[in-house]
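Order as written gives the chain letters A, B, C and D; numbering starts at 1 within each chain.
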Amino acid sequence: MHVVIPYVVGALLFALGVYGVLRRRNAILVLMAVELMLNAVNLILVTADVSVRAVLPGTGGVFALFVIVLAAAEVGVGLAIVLQFYRMRRIVVVDEVRLDTDEERVAG
Amino acid sequence: MTVADVLLLALGAIAVGSGALVVTSTHLVRSGFYLVVSLGAIAGLYLVLGAELVAWVQVLVYVGAVVVLLLFAVMLTRAPIGPSADLDRPALPAAVIGAGVGLGLTALFVDAFRWTRFPSPDPGTAERLGEQIFGAWVLPFEVLSILLLSALVGAIVLSRPDIGARKAEDA
Amino acid sequence: MPLWLDLLIRVAAVMAGFLVLPLVIGQAEHKVMAHMQGRVGPMYAGAFHGWAQLIADGVKFVQKEDITPRDADRTVFRLAPIVALFPYLVVILTIPLGPGLVAQSLDIGLFLVLAVLGIGVVAVLMSAWASANKYSLLGGVRGAAQLLAYELPLVLAAASVAMAAGTLSLPGIVEAWRPWWLIWQAPAAFIFFIAGLAEIRRPPFDMPIADSELVFGYMTEYTGLRFAFFLLAEYVGIVVIAALTTVLFLGGWHGPFEEQLGWLWTLLKIFALSFVIIWFRVSYPRLREDQLQRLCWLILVPLALAQLVLTAAVKSLL
Amino acid sequence: MSENGDRIAPGKGLLDGLAVTFKTMTRRSTTQQYPDVEPDLPPRSRGVIALLEENCTVCMLCARECPDWCIYIDSHKEEVVVPGAARARQRNVLDKFDIDFSLCMYCGICIEVCPFDALHWTPEFEYAETDVLSLLHDKDRLGDWMRTVPPPPAHDVLGEPSKEEATAARKAAGPGAATAAKTARPAGVRATPPTSDPGSPSAPPASAKEPER
């Protein structure tokens, strides 16, 4: 098989993820774009298993599994933060997150 | 062009197409559903690439859990049917950076691998993968399990208002 | 036998099982439930004790108007029933009926089954959100929470038996099965069956479609053939959960004359478990939402973890 | 289940529930296959109201007492020449007697108040119509229902005798025995069937218990 196809697919997906993270204002949509990037990396890792001769065969698959676990943890904590934020401010728009601490004290 | 190549092309097209819809759709919930399609197509790519176990873990964890959590969060915050107006920032800078990254990476990969053929790997790698994880990679594996545990505790602490409130009173 | 003929026969057999078994289970549910409630159930369709009732129902569903609500997200709304049905079709492909009698034997079949069953959640969320109905949305959110939660004990219990058998292939697990596993793996079997019931949203775990408070949950807005698809998915779900419990915990085709009658034993065990599922529906009231989550996280998950420890201990002793 | 006080073994309630449903399944169901098998109606079933026209004196009590006002009566007066009488007598002749069963709520007050037993309950209930106007039954149709009126059921063997019967019995026994007869009768009835009881000469035959269909 021509491994350049999955590699390019991975590259394009990563680019789409970058675009999404920069473009989206909704925090959950940003998380979705991050998932796209993680999956692009996974795809490249798994493809590397086929194309790159490594000392340990199947290392790419192992790494992909690790990344999937990391992504699950990331989404769990990330969504907990987003939902907590929504409960406090009723918004999920990342642009409008106020970083000054005075307001934080009032709301919290 | 072999059967595997055709499959890779088709699945890759689906993955990239629905991935593009994920980041451009103005329908909040629909982009979540497009993400399901995209991740499913990537699982198909893993299957073609001979990583069967990774493919099913992808379906189990991503499609069955992560995306559902995302959709869940969308529906708990706000989920209008139909397009929402205020989802996006101005597109130009993001498009420029995204296109730059995409073109750069694509050029890199195309230059590195050209149109060379590699033999298809033999499927059925559950045993091999298990030996890898519990042999060479057992330490990272254990570290990951601690990370998962702390993420679990962290998510519970964050989402339980009663725990947070008590902390605030103490401080 | 040429490859295409072999493939055709396999697909035809799976489709036949996919269409016939749910009908049998559905008819059994009509009659068993009726008799358990002191009624007689359908008596007219097909003359003899209403055997053709579900066929008549099917004809009725086809004739009904296919309504999509005005505010609904049309594409998603229409796709949802198919997404609900699809995973079970894939699962049925991998279930072994007898020695060598399986549509598609896979090295990691158990993993595929568990992964694909998880797709059902997406269908619930799709139908719930796209209906533009607050009852649907409530039911869908409940359903998603329930399915996500019960996936955990389901996978843990399956992991226990996979650990005991030392393989992830479904026929392999049946081959490795020994009668004393009935005791050794009994808690896992119990957990798997209960969690499976919750996964297919059968009473007493039918909180997402609780018809007395949510109309019909995420299926509220569906009519005609699309609604029939959801119903079919429910009954195929019964078949799948009963078959998986059979294969993983009750020894599949093991029984007297298993070389010739293996398929019969499997089918008998599947029907017995389906009867139990129907029996539960008649006997128990619906669990409240908090009781449902409590049962999962405080009873089933710790039990499943304890079973894993037990399995590992016994396995290392042997 | 076991929250208050005495604790039962855990899971016993769950098993009991399963046992109850399983036992019910093994028993025969009591379903009546209605359109195929005629229902076994209890006596005094309230199906439809029948009119015995010759008993009606157009006193209008039924129409006035009806809570739904669903009885419509028209009549005219007629002179009847009685031979030997000094003057011709007047008599009410019924022109119209309609009951609108789309309004009727089957309270039975009209039947209760009728002083001359012109109205009767019959257990006939299959008179549904596709047009609501057809539920207005005129006096011919109401009269036609009379053939479905079952004979009155037998008296309750343990019940008190009716006032008329008691008086008749007292007269037959002669003065002085009145109190004895009144107290002795219920005990005697328990021992013997009502037909052979001398105290109730008008008791109907036993077959009258079953409503005729």
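Note that in this section a residue touches a chain if its C-beta (ideal position, glycine included) is under 8 Å from a C-beta of that chain, and two chains touch if they have at least 3 such contacts.
Here is each chain with its UniProt name: A = NADH-quinone oxidoreductase subunit K; B = NADH-quinone oxidoreductase subunit J; C = NADH-quinone oxidoreductase subunit H; D = NADH-quinone oxidoreductase subunit I.
This is a predicted model, so every value here is computed, not measured.
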Requested in this report: Skim through the chains and flag the pair connected by the most C-beta pairs in contact.
Outcome: A-B
Report task. Between chain A and chain B, tell me the centre distance in angstrom, where each centre is the average of that chain's C-alpha atoms. Result -> 7
Report summary line: dist(centroid_CA(chain A), centroid_CA(chain D)) in Å evaluates to 80
Requested in this report: Would you mind pulling out the distance in Å between where the CA atoms of chain C average out and where those of chain D do?
Outcome: 55
Report summary line: Whole-Å distance, C-alpha centre of chain B to that of chain C, is 28
Query raised in the report: Which positions in chain B touch two or more other chains at once?
Result: 53, 57, 65, 67, 69, 72, 76
Report task. If you connect every pair of chains that touch, what shape comes out? Choose line, ring, star, complete or other. Result -> line
Query raised in the report: Which chains touch, pair by pair?
Result: A-B, B-C, C-D
Report summary line: Note: in the complex, chain D contacts chain C through residues 14, 17-18, 20-22, 24-25, 27, 29-31, 33
Query - In the complex, chain A residues that touch chain B - result: 1-20, 22-26, 28-29, 31-33, 35-36, 39, 42-43, 46-47, 49-51, 56-62, 64-66, 68-77, 79-84, 86-87, 92-93, 95, 108
Report summary line: Residue set of chain B touching chain A in the complex reads 2, 4-5, 8-9, 12, 15-16, 19-20, 22-23, 28, 31-32, 35, 38-39, 42, 45-46, 48-51, 53-54, 57-58, 61-62, 65-67, 69-70, 72-74, 76-78, 86-89, 91, 93-95, 97-99, 101-103, 105-106, 108-110, 112-118, 120-121, 125, 128-129, 132-133, 136-137, 140-141, 144, 147-148, 151-152, 154-156, 158-159, 161, 164, 168
Query - Of all residues in chain C, those that touch chain B in their complex - result: 71-73, 76, 107-108, 111-112, 114-119, 121-122, 125-126, 128-130, 132, 137, 140-141, 144-145, 147-148, 151, 155, 168
Query raised in the report: Inside the complex, what are the residues of chain B that reach chain C?
Result: 27, 29-30, 33, 36, 52-53, 56-57, 59-60, 63-65, 67-69, 71-72, 75-76, 79, 81-82, 123-124, 126
